[in-house]
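One structure follows; several queries about it will come next.
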Amino acid sequence: MKNSMFIITSEPVSIEEVTQKVVRREAGAIVNFIGTVREFTKGKRTLSLQYEAYPSMAEKQLAKIGEEINEKWPDAITAITHRTGKLDISDIAVVIAVSTPHRKDAYAANEYAIERIKQIVPIWKKEQWEDGEEWIGDQLENKSYPKGKPEEVENND
Amino acid sequence: MKNSMFIITSEPVSIEEVTQKVVRREAGAIVNFIGTVREFTKGKRTLSLQYEAYPSMAEKQLAKIGEEINEKWPDAITAITHRTGKLDISDIAVVIAVSTPHRKDAYAANEYAIERIKQIVPIWKKEQWEDGEEWIGDQLENKSYPKGKPEEVENND
Amino acid sequence: MINIKVFAHLREKLGGEQLTVDHTEITVKELLQELAEKYSIKTDSIMVAINEEYADSEDLVQSGDTVALIPPVSGG
Amino acid sequence: MINIKVFAHLREKLGGEQLTVDHTEITVKELLQELAEKYSIKTDSIMVAINEEYADSEDLVQSGDTVALIPPVSGG
């Protein structure tokens, strides 16, 4: 399973390991995105994070992002590993690696991947602060899915 | 010297090592660019590459790119290591790591760094093919610097 | 019988990872209405997956299917 | 004396990494003209650095400076 290109794991994520999966003779460019736990968000101090996933579906959705990337950038190869469980400040939550023959495509495809993860992959983040904790993305109910599923394109920061 | 953020080295480059230099509590996003030796360029097969640098000046120019990035993206931290000497297919020539609080800046600053490396850092690549070898970027003399130095903005692929 | 997986704040609210409801066939929309009433949850922002694929509100859930209630995701 | 470092194809063409020329003071432009004639090299595409900083064609090179002839770069 560790050899799969799209993984949900409770183990620490190795940048090298994810990157190695996309190295190939045809590619001259690899772009990585590494999401780490940030201490301050909008002035509020985070102590730690808890990530929960629906792992089997999340891996399918990551693979779907890989397919979408191949429709848009046929020469790109993508590997993504997302961690679950308790993470401390600066721990790695996600590594996305994309290799392409030319670098502009690697940047664009990589950025597309992280945008899509935030839209369609069933993973949830609970922030632990000094004065409480909260699941992110739900409690304000400021998002709704009238169609019962995510739109194809939707931008959230 | 290995602790410096901007390094020219004849040793293999570690993605982890360069990335670790930019990890910090304030940053939630790291983008890496990893330039590897590609086998085919415009249909021509490369056997290996030789990189030569003017190391002391090249490290100063890399540091200058870091300063330029901090003018444009004040919250970004940049580390760059470029290798010299003989490289085989898929070997890493350069690793650029940029960390920022928010991801869009990390992508933009990282792409800026690789563009600038290709403009102002005194490093030269010699391609070895089956039927010969050639220093890249000079032999066609299709570039000229009437002012004796590179323009501030110039795009080459 | 339809198995229903719940996650994140919903899992905490409903006190478990899995519920079951007894239907031979029901639309996603009807199922959400039933769950909203039974468990006093808001379902406006809930996405639904049937057997690990996102579903539309008019899609049919059948006995034996696994449904997941998916609150707005926040990975990455 | 002015030290001149050369790189890449220029180094191979001139058969070494370092040349010297004897001037107390000379502009970049004049120095390039002199080198172009002396070594039969084209200097249109050559950038010049004085003591590891890029220089303009009107900048002055002085005795003791290290000049680098920098062909179009191709790193990355």
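The first chain written gets the first letter, and so on, giving A, B, C and D; residue counts start at 1 in each chain.
Here is the rule we use: a residue touches a chain if its C-beta (ideal position, glycine included) is under 8 Å from a C-beta of that chain, and two chains touch if they have at least 3 such contacts.
Predicted model only: the values in this text are computed from it and were never measured.
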{"item": "Farthest-lying chain, centroid of Cα atoms versus that of chain A", "value": "D"}
{"item": "Whole-Å separation of chain centres (CA-atom averages), chain B against chain D", "value": "24"}
{"item": "Intercentroid distance (Cα basis), chain D paired with chain C, Å", "value": "72"}
{"item": "Centre-to-centre distance between chain C and chain B (centres being mean Cα positions), rounded to whole Å", "value": "49"}
{"item": "Overlap residues in chain A, where contacts from two or more other chains coincide", "value": "35, 114"}
{"item": "Interchain contacts, given as pairs of chains that touch", "value": "A-B, A-C, B-D"}
{"item": "Footprint of chain C on chain A - complex, ascending", "value": "35, 51-54, 56-58, 60, 82, 93-94, 114, 117-126, 135-139, 141, 143-150"}
{"item": "Residues of chain D touching chain B in the complex", "value": "5, 7-9, 11-12, 28-29, 32, 42, 44-49, 52-57, 59, 68, 70-76"}
{"item": "Residue ranges of chain B in contact with chain A within the complex", "value": "14-16, 19, 23-41, 89-90, 99, 101-104, 106-107, 110-111, 114, 157"}
